Amino acid sequence: MVPLSYYLVLSGILFACGVTGFLIKRNIITIFMSIELMLNGVNLSFVAFAAQWHQLSGQVFVFFVMVVAAAEATVGLAIIIAVFRTRETLNVDQVNLLKL
Amino acid sequence: MNVGPFILVSLVKILLALFVLLTAVAYTVWLERKVVGHIQNRWGPTRVGPFGLLQPMADGVKFLFKEDLTPPHVYKPLYIAAPMIAVIFALTSIAVIPFGSWLDIGPVSTMLQISDVNIGLLIVLGVTSLGVYGIALSGWSSNSKYSLLGGLRASAQMVSYEIALGLSLVGVIILSGSLSLREIVDAQGGHFWGFIPKWNVFYGGQIVAFFIYLMAAYAETNRIPFDLPEAETELVAGYHTEYSAMKFAMFFMAEYANMITVACIASLLFLGGWHGPLGGPSWLQALLQLFWFMARVFVFLFVYIWVRGTLPRFRYDQLMAFGWKFLLPLAIANLVITALVVALRS
Amino acid sequence: MLHLILFSVFGLVCVGGAVNLLVQSHPINSALSLIVVMGSLAVEYLLLGAEFVAAVQVIVYAGAIMVLFVFVIMLLNAGEEERTKGSRVSLLIGIPGMIMGSVLMAWVLITHSGTHAVEAGALPGAPREIAQLLFHEFLLPFEVTSILVLIAIMGAVVLAARPEPLQPEGKN
Amino acid sequence: MNPNLHLWLIPLLPLIGAAINGAFGKRFSRQAVTGVALLFCGAAFAMALWVVSQFSSLALPHTEYVATWIRAGTFQADFAFYLDQLSLVMLLIVSGVGFLIHIYSVGYMWEEGGYYRFFAYLNLFMFFMLTLVLASNYLLMFIGWEGVGLASYLLIGFWFTKDSAASAGKKAFIVNRIGDFGFLIALFLLIQHFGSLDFTTVFQKISRFSPETAGAELLTAIALLLMVGACGKSAQIPLYVWLPDAMEGPTPVSALIHAATMVTAGVYMVARSHVIFERAPAALTVVAIIGTLTALFAATIGVAQTDIKKVLAYSTISQLGYMFLACGVAAFSAGIFHLMTHAFFKGLLFLAAGSVIHALGGEQDMRHMGGLRTKIPWTFWTMTAGTFAIAGIPPFAGFFSKDEILWRAYQASWIYWLIGLSTAFLTSFYMFRLWFMTFFGDYRGDLEDHGHGASHAGAPAPHGHGHGGIHESPKVMLIPLMILAVLSIVGGWVGVPESMYGANHFERFLAPVFHSTTSSAELEQTGATDGHGLTGEGEQRTSYTAERLFTGISVAAALTGLYLAWLLYLRRPQLPQKIARSLNGFYDMVLHKYYVDEFYATIFVKPLIDGSRTILWHGIDQGVIDATVDKSAEEALDVSDTVRHMESGNVRSYASWVAIGAAAVIAYMIWVASR
């Protein structure tokens, strides 16, 4: 039997890793992955709570999160492609100007 | 039941299934060479054993002892991991596929399936969808443009067709009201007015879904006419250009294992699984179920090879257009109609 | 007991993958480690009895979204990320803020979380129940998200479409 | 009950004209503009005449209520018009002279740009002036009062492109503000203490007062404040300075506004509120003193002026002084009488001067004139009439009115009389000086030499048209001149005093208005005419003899002035320089108008400007208001300059801000939960 807090701690760790990745990574794609990581952490906590309170809605929310993540990934990657097409770089530190 | 026999039986089943699968893979290769040979008016393998029946062994031995060379410019970890990923995911999906209903051997009564998950279909889909990584990573890690193009094509194509594939299956799921393969098959037992079996193909207009699945499956397994990722005429050998020996063999196995998996799913979902005409005692029943199942898979694979021997290759934009502009809308239409039918009938 | 072991094992795999995502300098490795994380998360879901969620996690996340990532990485041929000194702020403020936040959360979890446990498969997350929920209580959000997805698709097409018209062959 | 005369139409007609000309005049032809202006002004005049025809049948005073304007608590001010003998006289003067000057202006301004503008303004002035004289309460009167100020401002600055004209207009306006301020305060006091501004009610309430009763000082204050207003409008000491500069305006304007009508508004106002003044003897004395001083003062300045219009301007001031002297000695009817005659002959003089200027193509300096007698005979003769009238040579108009005033002044105090007499002498002197310098001797100008377009000193260029050289003005200008000339000859005969075997019709006519003011002499005379017992006969005759004696003296003074002028400016033209040199300082002082302008500039204007610049502008406006605005802007700039670094465009730094914010939120939530 696993206490709920373990799951929560796990999801918190994942989330923190995601934030850290967002902070220290330079590659846009990796940063996007960090976002996905954060979302996964959140999903875990959703499911854990769902199991805790016997509420399936938690799992439903996970689906919504997934849909949103999918949409975000789609648009985000498209944006990345557009950016790369114009700037020839994926390094966010070099993508800090609104106009070229 | 208690854990000991359960583990034992499971191990036995796993080993058996694996053995059968690998053999099937090997002999599907032989079969293909033969059939295509005859289609192309040649003999195919004849030398090793009668009708070249031992050819697969020879190939295996050859692959094993061939020098396994690794080009210097590759990204090694993934270069090595890619074929493994491919073959592993290809073989995994067999774990949830039922070959028959039940087998009673003395005290032990077990289902002819490694594990019955009530979302087996989803698991199969998920595993096959993971299979793309093998190809994509191999193409990328080989660090050559042919491989890269192959990998790109593969990943794009597989992601695209996965949608049509999944949607084509939804119709069946609606009809049978379950995700468990076993229940789906059970739902197909019986006949319409005596003689037409209640297969999904003949049922609720799923014939459309079946053909969608067929196309999508060919694309998923990178078979002609959708074998763009390894189009010899354009990219030398696509994603496995840089591979040789056992690694190449792994891709080969993966491809054929995928074919078999697809064939299994097709026969389970559309062709009524193991239901067959003949009856008899229970042990005979079990064997017969196995036989009928194998037969369906064989037929399906034969069609696979037949198509390969017959059709030319698509152009890539045609491929994409076909997937997105024809199959997808068709699948959605089928889904909607099926849903309406079911809703109205209930 | 078994439950705890499995949880710990895959939890460690999760954390290992997440950390690997950070330390790896090549995006493709990060992507793969993320896939590992997702896979093991799927197992965790199974442990929590949410098998449907697990499957969808594998299919959608690992099978579709991450494939997109890998595809883009390959398409753009993203190489090793160079260690540029972009922003001191992220180091001076972001990291401490992150650490602070996570420490606080951890403290809350350690102190305030009850000891009651979650039993394996506590809740049969069978597709049927979820479907009931999804298509009855959450019908409107479901539709809205579908619209969202539609918009996302169109946006992606518009964004990624080449500014100049395609070659007559449409091949590249 | 009186018939409804629709008095409100009289002011309204010119307003319509002004509106039409002001709105559409730009597109009209000059003929059309002329037509409109003359039509409406003439209509007003005609209506005035019609009112006169109706006048005998009216029960006076006759008020007509048109509409309620302001009603605040018990206080109420209406659009109502008030007609009695006084306002009738004013009405006739204003509309008549105004109409004549309109006609004159057609010829004078024909060549000008902004022709329509000129007539729009002129009509506007007529509207306000008529409102002023017909108003039935102080507030409506104040509207007219301010309005004529506005019109005068607009017309003085008619050639606004000329800097001097514009500033002159401003000067007039500002100086008038001072007076209006006093007037306004007087009105407030009236409202406060009598709760009304309506003439009839106010005067009824006040007539209960008497110099002895309490509240006299209140009346004095009100009267003095009113007088301040009058000083401003009628250019009395100390507020006369704007009038000479007002000569920058076109000559018809000077004639109409700054000689005939507007400047007399003050006199009219004082006469109108005689009830107040009579009960404030101190105020009356002040009025008399101011009047006499102004008269002498302006006359002395006028002696030294060389600009023909300036001379007339100062003579105007001094004549106004006469009127105030009359009012000051409670001889209001005499003041109004002089007002009327003055309107005739001073309007005539100005118009004639304008004709001279017109003839000389814009020349205003008398030293460049002379010998014009033969060249422009009509102008000469009319001007002669005017000159004799103002100089007080019998039987011209000015003689009677001025003599009346002097006689009354003497009855009040011999000092008034003495000063008035010397003023009369000076007046005749400088007027004849003007006369001689302009029309006699030989021509000192240079107009023949190079045709037209000579030095256009005063009125700017426009006179340099078509025919060069000296030329008589067109008929349209001459006819008003003749009419006015006739008037200034016969105009005085309506007020021939008994001492000259006349019956002072004018005074009798106005008597009902000033009945409370009829002085002892008046009473005696009425008594005499009523044939009261023989007891009065003796002093009656002595008073007549005295009056005749004084008349003789004043005529002698006038003739002396004539002789001196002839001697100095025709016989020995070099003499004046000698005299000027002999009494050098005084001459300079007079020449520079006693440095009053400079004095004001140093005492009031300069400190005001400096104070405004240093305190208001640099101190408050820049130091406080602008400073706060600028400072806040700078602060915002600095803050954002520092905050700007957060917006590095670097995604990771943004993320860090989000992270720290999230941490803060978590901490806050924990804190909230743990409380």
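Here are a few things to note about the model shown:
Labels A, B, C and D are assigned to the chains in the order they are written; within every chain, residues are numbered from 1.
We take it that contacts are C-beta pairs under 8 Å (C-beta built on N, C-alpha and C of every residue); 3 or more make two chains touch, one makes a residue touch a chain.
Quick caveat, the model's predicted, so the values are computed rather than measured.
Between subunit A and subunit B, the least number of touch steps comes to 2. Counting C-beta pairs in contact across C-D and across A-D shows that the higher total falls to C-D. Central chain assignment: A. Criterion: smallest distance from chain C-alpha mean to the mean of all protein C-alpha atoms. Relative to subunit B, the most remote chain by averaged C-alpha coordinates is D.
A straight line joining the Cα centres of subunit B and subunit D is 115 Å long.
If each chain is reduced to the centroid of its CA atoms, subunit C and subunit D end up 93 Å from each other. Inter-chain spacing, taken between the CA centroids of subunit A and subunit D, is 88 Å. Subunit C has its Cα centroid 28 Å from the Cα centroid of subunit B. Multi-chain contact residues, meaning those touching two or more other chains, occur in subunit C at positions 52, 56, 64, 68, 73, 75, 86-87, 90, 94-95, 98, 101, 105. Residues of subunit D in contact with at least two other chains: 648, 650, 652, 655-656, 659. With touch defined as above, residues shared between interfaces to two or more other chains in subunit A number as follows: 19, 23-26, 92-93, 96. Listed by label, the pairs of touching chains are A-C, A-D, B-C, C-D.
Remark: subunit D residues 646, 648, 650, 652-653, 655-657, 659-663, 666-667, 670 touch subunit C in the complex.
Residues of subunit C touching subunit D in their complex: 86-87, 89-90, 92-98, 100-101, 104-105, 107-108.
Note for the complex: subunit B touches subunit C at residues 78, 117-119, 122-123, 125-127, 129-130, 132-133, 136-137, 139-140, 148, 151-152, 155-156, 158-159, 162, 166, 179, 315-317. Of all the residues in subunit C, the ones that touch subunit A in their complex are 3-4, 7, 11, 14-15, 18-19, 21-22, 27, 30-31, 34, 37-38, 41, 44-45, 47-50, 52-53, 56-57, 60-61, 64-66, 68-69, 72-73, 75-76, 78, 81-87, 90-91, 94-95, 98, 101-102, 105-106, 109-110, 113-119, 122-123, 125, 129-130, 133-134, 137-138, 141-142, 145, 148-149, 151-153, 155-160, 162.
Within the complex formed with subunit C, the subunit A residues making contact are 1-10, 12-21, 23-27, 29-30, 32-34, 36-37, 40, 43-44, 47-48, 50-52, 54, 56-57, 59-60, 62-64, 66-75, 77-82, 84-85, 90-94, 96.
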